[in-house]
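Paired with subunit B in one complex and with subunit C in the other, subunit A is shared by the two complexes that follow.
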Partner chain A sequence: MKKRYLYLLLLPGLLFLTVFMIIPIFLTIGTTFINDHGFSIQGYLDFFKDRYFVEILLTTLRVSLFTTILCILLGFPAAYYISKLKQRKKAIMLLLTIFPLLTSPVVRSFSWMVIIGKNGVVNKVLLSIGLIEKPLDILYTPTAIIIGLVHLFLPLIIVTLVGVMENIETDLLKAAESLGASRLAVFSKVVIPLSVPGLVIGSILVFVGSFTAYTTPALLGGKQRVISTFLYQNAITLNEWQVASIVATIMIAVTVLIISIMNGLAKKLNPKG
Partner chain B sequence: MQEKNRGLGLFTLLVFLFLLGPLLIISVTSFEGGNILKFPPEELSLRWYENIFHVEMFLVAFKTSILVSLGGNLLALLLGVPAAYALSRVEFKGKSVINAVFVSPILVPGIVLGFAFLRYIVGTYQLPIYAALFVGHTVIMLPFIIRVISSSLSNFDFSIEEAAESLGASKLGTFFTVVLPNIKSGILAAVMIAFLESFNNVDISVYMTGPGVSTFPIQMLTYVENYFDPTISAISVLLMFITAFFMFMVERLMGLSYFTKR
Partner chain C sequence: MALFTLQDISVAYNKQNILKDFNLEIEKGKLVSLLGPSGCGKTTTLRLIAGFLKANEGKFLFKDKDYTKVPVNKRNFGFVFQNYALFPHLSIFDNIAFGLRLRKNSKAEIEKKVMNVLEIVNLKGFEKRYPQELSGGQKQRVAIARALVIEPDILLFDEPLSNLDANLRVNMRVEIRRIQQELGITTVYVSHDQEECFSISDQVAIMNKGVIEQLSDPATIYKYPETKFVADFIGFKNFIDFDERTDTGGKIELSKSGYSFVLDKDARMFNHAGKIGAIRPDDLLIREKGDAGAVQENSLSGRVKVSTYLGRSYQYVVETPIGDFIVNKEMTESYRMGQEIILEIPRNQMVLVD
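Right, the complex of A and B next:
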């Protein structure tokens, strides 16, 4: 075949990724299973016995779950509304959604420090109307992390859902309505089932993104650790590379696990089979 | 759906208030005249914009970030364009695996990737911090370059290329005179998307700081942890302008579908 030269074009990129990404990742994972006597999973056993770490892992999972649920509850109706708009209005709304998505996560987390901080906008308003007597401690709590993460990932789920909902034929909705279905029935019997693929992809992106996000919990979480800040702390501040490698491996494992569970779910739920 | 659903419209409005309100609020705080960041500002001035240019660490970090993002972008193009071209031209058994390898840097959590870079690229391979930043950013830009250019190539009619070759043009000549001009806008969009991804990156850059070396977002992070003045607000406004410009450019080049397709 004279097309053989084409395979050569793949080589530089593959070689680069192998040397600078695949090998480092595999070595990071591999070293966690080796101790002085050879193969061992003792590192992991010690880990899951440590209450402090289990607490961090559970907090992170909880925060990610809340973030995902909130993103769906806020994002789904908004995406539906946008998908039904006329072309021009839809384009404007999409650009307004994409803009925060592309904006630096440092900027976006910082904006919440200004809003929910001790002297922030929320506290000022609540104090001035007399609803509270002393400022609320929202910043540097898991709640602050959830607010920041919802703000970070809501555009992602909206954009994903609009992409899927656009493909639901308007005729189908009109047909359902003309046959006497209420608006709520159309929404729950037609729109939601047909949006399942987008909902699953969107949820994966939000959950995995929240589980692994660093900037937002680093700025809004204060002393409250999540798994990513715990990894960074062990790698840089404490120089505990073995611990850091175990945490890194757990993060990869959870990510892979969630993606495969959700994919399996998507296959089951997909109305098109 | 003839009549407008008011409740849904109001709900959507509130969602957008939540999304854009915070960005609007920090934009307003950037015009503070006093010393302390607050909303609303006491008096208006542009002094904090001026202050950006007096903070040495921001200037140095900005230069580092630009160099790393542009240099990495160039290398990612050199590696990615041939790969995307080959992937769109051949069918073979393991193609989906190769494709998966090329997008894998997006799938590995950034904070994990950064740690692996620190441990092996800086540690074992003994690359200097600057070089490690450059390599690391190339790795994270490569998937975006390949994905955008591949989608651009999927719209290209390869029979034009075959026609040129049958008329006696060399393979390389055909690529540069026929294929490349046709995917120009895809390449430009790829460069801009990859640049934003790299320029805003925190997760891998946060591991790669050394004496005098640090990227712009990391310097912002350090600043926020130590000072709480409107300098960061002013920087945020400038960054939002750059972001908006890039977004409109990509929209022009690729259409909105780039952002909505998953």
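Right, the complex of A and C next:
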């Protein structure tokens, strides 16, 4: 087959995405700028004047940010440990890591309800050893959402980081040691900088995933709305499709913005990586 | 006096001994090479000195202090890796400054030392570049600079030139020797390349199966190998396992399957009871049968079995009653295959090894 016909292989996928994704997205975005009098950005202006919505947007951003930070803090050391294992053990550990992804988010969220609910395991234990006097309100708060999201996305960041860390030559670590670096210095001056690419990709996945997650916040958040549950409420419950479209457009814009900021940050941190 | 000593070191990996009761002493300011085939334990020895590896038994003494348990980062030894191991995320300047920053040198000091060492390795003007932008030879210079700048007590090289092409290898080894002598820094150098080791070392240790077979200056090893392994490794391709050896005054009489040979004893510096004769292909003589100049002494009648043209010389495999010999001879025309000839072992060219 001639090389110039190779692009034909792209066509089926491209066609599918165009019809079912690209066109709908642009239609959705388009409708948000049109009202009874033609082109208008009044919908957006109204939106950002609405304290209730801005609050939801900020909460969602906060939850996503905390989830990302927690995932990095918990995932980085674990990923380093796994990357240092021998091939066989590494495969087993990676399998265990992605195991949570194999269960349904609904099941996972319900199990968290049992654990952190008013009469859940955590509260019972804390009450019985006398650390607290009345049950903590964890369930149906942003904290509950963060716990659920960390559980959901930790595997993602670990797997991404292991991939990058595996490729750090052990001689680099030895070289650093021979130049006088302690274990800690080797980690902070060699391992961390060289893991930046994985850290960026992992963080983007976690952040964007948390920002758009629906099931976990819907089940663990209770009355606490995040942007995706707010969108669902407008579209399905209130039948406000115009509002839902505006929310969707804002989500897309924020996602693109976050990705470009993180990429820019990565370039600064690692000019030649 | 020895700067550092490896004492009765044993290293085992997967229950297999890599080093067993290994001893090595190295003097201050010397460049000592560890030379041997792969798997002989030379890299293990180097990594042991660096501290990357722990010995199962034995001691490592540095300036008479027990360094066996001192961790790598407290040893102050410079290590140069085969694959350079430069930090890809740091500029050349920052790569070299890495060790100085850990030592809390002031900014001005770091600047001065890095520039100074860049001049030593002839890489001035490269400080802002990144490792990916450098050629192999330049990378290795940076690696050497990075190891030198911390003013290490010992410099360790692990096959530093094996990833470079042939021309560059020769240049770099001259450079390494120059820097080593200029700074008078004690150096251990691991390689499997004989020429490389011989050309830059004060002393060469030939290793085999975790044991040093011979440790001497290059000229002595080249002329007087002590064991069959060393002799074979440095190009003595012909061996005769003699039945009997008799030392009489100025000469040594040897016999094999009824054929007797004489060697001049005073030509041998060594003084051991080896009974295996070793001789290089270049040192054997071939004469035409019936040649008037032919000597009877130390001669065997033989037949040319294989003749190979090597460009500058011919290589023959000569069949004799006591075995086959490989002979190199520079000449314009060759002996025919199957030709009957006389093979002579000159009385001062054969060495006796264990």
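Some notes on this structure:
By definition in this document, the second predicted complex is superposed on the first by the 258 of 273 C-alpha atoms of A that agree within 3 Å, B and C clash if a C-alpha of one lies under 4 Å from a C-alpha of the other, contacts with A are read in each partner's own complex, and residues count from 1 in each chain.
In this section, a residue touches a chain if its C-beta (ideal position, glycine included) is under 8 Å from a C-beta of that chain, and two chains touch if they have at least 3 such contacts.
In this text the structure is predicted, and so the values were computed from the model without any measurement.
Contacts of A:Pro193 after superposition: subunit C is touched, whereas subunit B is not reached. Once the two complexes are overlaid on the shared chain, A:Ala248 sits against subunit B while remaining clear of subunit C.
In the overlay built on the shared chain, the residue A:Glu169 is in contact with subunit C alone; subunit B does not reach it. In the superposition on chain A, A:Val125 makes contact with neither subunit B nor subunit C. In the overlay built on the shared chain, the residue A:Ser178 is in contact with subunit C alone; subunit B does not reach it. In the superposition on chain A, subunit A positions 174, 177 are in contact with subunit B in one complex as well as with subunit C in the other. Interface of subunit B with subunit A (complex): residues 1, 5, 8-9, 11-12, 15-16, 18-20, 22-23, 25-26, 29, 37-39, 78-80, 82-83, 85-87, 89-90, 92, 98, 101-102, 104-105, 107-113, 115-121, 124, 135-136, 138-139, 142, 146, 171, 196, 200, 202-203, 206-207, 217, 220-221, 224, 228, 232-233, 235-236, 239-240, 243-244, 246-248, 251, 256-257, 259-262. Remark: subunit A residues 3, 5-7, 9-10, 12-14, 16-17, 20-25, 27-28, 74-75, 77-78, 80-82, 84, 91, 93-108, 110-115, 119-121, 124, 151, 154-155, 158-160, 162-163, 166, 170, 173-174, 177, 183, 198, 201, 205, 208, 211-212, 214-215, 218-219, 228, 231-232, 235-236, 241, 244-245, 248, 251-252, 255, 259 touch subunit B in the complex. In the complex of the two chains, the subunit C residues touching subunit A come out as 50-52, 71-79, 81, 83, 85-89, 98-99, 102-103, 130, 132, 146-147, 150.
Within the complex formed with subunit C, the subunit A residues making contact are 169, 171-172, 174-182, 185, 189-190, 193-194, 196, 270-273.
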